[in-house]
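Note sheet for the following structure.
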């Protein structure tokens, strides 16, 4: 939307520069004030940070990060598969498939993941179903993200022009073959960015392991804080790790998106 | 990644060094095993071959070569994972190791992290053999699991910020904001003794302590052992009452496995007679509670055990 | 079912807190999100960078981590507020990143000719944004905003981690006392579903109204 403004002229540029300097100064002053207060409360004492300069602490956190990845990858794979089935069910001609799939998506989409975690944590064991910790986190995450993925896939499938399906059927493919060979590959390519950003969201959701006491990153932080009593330092470090990891993933998503739109444009140019 | 981490850590350290150092007591690492008690398990008894009855739970464990214990990773002094070694340390954890040595001849234990209200189910479906996790014996619970022991008695008490007045007994909490750990027995206890108290819960002990120091609540109700450790780490915190509940901790096992229960009670008796129980107490709880180890509770003395 | 009636006062109180959290933090997120969007499409490079950094930071940190950090960390730099207020502000700041992105994609969906036309008749940047671009962008973002509202409702459940007793926390507490998880959690789930379906209904109506104007 660069049409909305002209390239700033010399006067505007000068004004912007002055405002930038002033704004930066104000921000720096504010941060300095906060840091000063933080230090005055003893939170910046070297001894409070020293543990996080040692390898064993990081080894422990990175082990937690690995568990986070594991839970995220397993939940993502399961919920994508389940979500695809739900999307296909919702688009099916058969009522007995369409209605339950729609009901599942509409209901689960709006229930907090935390509530689902509580159900798996507290309700299921009363009926003799006590899952291992890993699944106590993955099952509710899968259940809730499947609904989100179903909506993404459905949007993707709907965005593929009708003519594609009609053409597929016309050359004698079955409905299933048309879907698998013609519609889905195009649909998934179109919604790839949404899939990646939903997956980043899922990775963030694994922090619910905190509640389940599955040893992912945030829970590892909890154990560390209990061990060394450095609550604020520990959570700051944990936040930093999340930020670095997720920002890298988001960057990857944008690169994918850019490459994909570039290839689409190339193909359009060739056609 | 590793290099980035190192750079970040270094820069964070640099920042830390610039900070003013008007430090209010930097906490020492708790639960650091005192050197004198480290070989306490060496004295721990081993069961005679005849005690491992054929077809029993003990035999099953022996065949597996590992004892599966339901416990925590984040309970300092009782069952806290040491991030440096990966070992779980504390009174409960060490008792588990002593039991493993009794059955297997070596302290081979796998701790299954079993937070929250799922311990009954874990025992029922055989995910763990025993539970050592501040598992208070109650008649209600005894309908679903069996308890050996009790092996330790503790109780809830109240901590406040130093200089707080007007709180000397649980009833004083009425109408005040009281902190408690989420899903801990403190919540029903406060509800019973001070129904007008406003209970604020947090997920872990350090969070509750931080909240207390930041005046999010005037008092913090928690197990005495934990609070003693907290007060020792942080001089701005003070304990104001004797324990006002009696919580006998039992060893949880599968409901109705009387053979195993008797085996566990026999083991507990031998452990106490050999002074191992006292040694384990000294090694962990003794680092914050002064004096000699107390008299262990009478086995089978509690309804439900 | 009677367990729900027995504890109706607590659960009702929890529901009210959930309402407060949702309404206040979504309102905050809407205002802040519009600002973030304005930053991201602004002519000044520094402002654009700030907008991008904001979105990057808050879309990449788990809300649970932010809540815990804000609750325990802010008092250490001299800012202290009630748990409920802290939770509202944190959720608003967090969701604002998503609102900002939704609005921006809405702005990008408005035809380029609209912007050019607005500029051609001599409107300034903020005028063309306010009178021409945003009203049209709003139409395409009603649905995404509705989804963010539902996400906000669900995310308020995490406020329990910093001691706010919302619907989820209230349900959990009642369950600790009564040990009847099925009716309690199903009841709570239905309440959330109800909030979300009302939101869905409203956005549906709104979208139809706005589209008709075209």
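In order of appearance the chains are A, B and C, and numbering begins at 1 in each one.
Simple rule for what comes next: a contact is a pair of C-beta atoms (placed from the backbone, for glycine too) under 8 Å apart; a residue touches a chain by one contact, two chains touch by 3 or more.
Predicted, not measured: the structure shown is a model, and the values here were computed from it.
**Student:** Please find which chain has its CA centre nearest to the centre of all protein CA atoms in view.
**Tutor:** That would be chain A.
**Student:** Measuring centre to centre with C-alpha atoms, which chain is farthest from chain A?
**Tutor:** So the chain farthest away from chain A turns out to be B.
**Student:** State, to the nearest whole Å, the distance from the C-alpha centre of chain B to the C-alpha centre of chain C.
**Tutor:** From the centre of chain B to the centre of chain C is 40 Å.
**Student:** Whole-Å distance, chain A centre to chain B centre, using C-alpha means?
**Tutor:** Each chain reduced to its C-alpha mean, chain A and chain B end up 36 Å apart.
**Student:** Approximately how many whole Å separate the CA-defined centres of chain A and chain C?
**Tutor:** Chain A and chain C have C-alpha centres separated by 17 Å.
**Student:** Which residues of chain B are in contact with two or more other chains?
**Tutor:** Within chain B, residues 117, 203, 207, 210 contact more than one other chain.
**Student:** Which positions in chain C touch two or more other chains at once?
**Tutor:** 68, 72, 161, 179
**Student:** Quick one: which residues in chain A touch 2 or more of the other chains?
**Tutor:** As it turns out, chain A has residues touching two or more other chains at 35, 38, 43, 122, 126, 210, 231-232.
**Student:** Using the touch definition up top, name the residues of chain A that touch chain C in the complex.
**Tutor:** 1, 3-5, 8, 16, 19-20, 23, 34-35, 37-38, 41, 43, 107, 109-115, 118-119, 122-123, 126, 200, 204-205, 207-208, 210, 218, 231-232, 235-236, 238-239, 242-243, 246-247, 250
**Student:** Quick one: which bits of chain A touch chain B in the complex? Just the residue numbers, please.
**Tutor:** Counting only chain A, the residues touching chain B are 35-36, 38-40, 42-50, 52-53, 56-60, 121-122, 125-126, 128-130, 132-133, 210-215, 222-232, 237, 240, 244.
**Student:** So in the complex, which bits of chain B are touching chain C?
**Tutor:** Per the touch definition, chain B meets chain C at residues 117, 183, 187-188, 191, 200-203, 207, 210-211, 214, 216.
**Student:** Which residues, counting only chain B, touch chain A once they are in their complex?
**Tutor:** For chain B paired with chain A, touching residues are 4-5, 8-10, 12-13, 15-24, 26-27, 29-31, 72-76, 80-84, 86, 113, 115-118, 120-122, 124-125, 127, 203-207, 209-210, 233-234.
**Student:** Give every residue of chain C touching chain A within the complex, in rising order.
**Tutor:** Within the complex, chain C touches chain A at residues 41, 43-44, 46, 56-57, 59-66, 68-69, 72-73, 76-78, 107-108, 112, 115-116, 118-119, 125, 128-129, 133, 150, 153-158, 160-161, 168, 171-172, 175, 179, 181-182, 185, 188-189, 192-193, 195-197.
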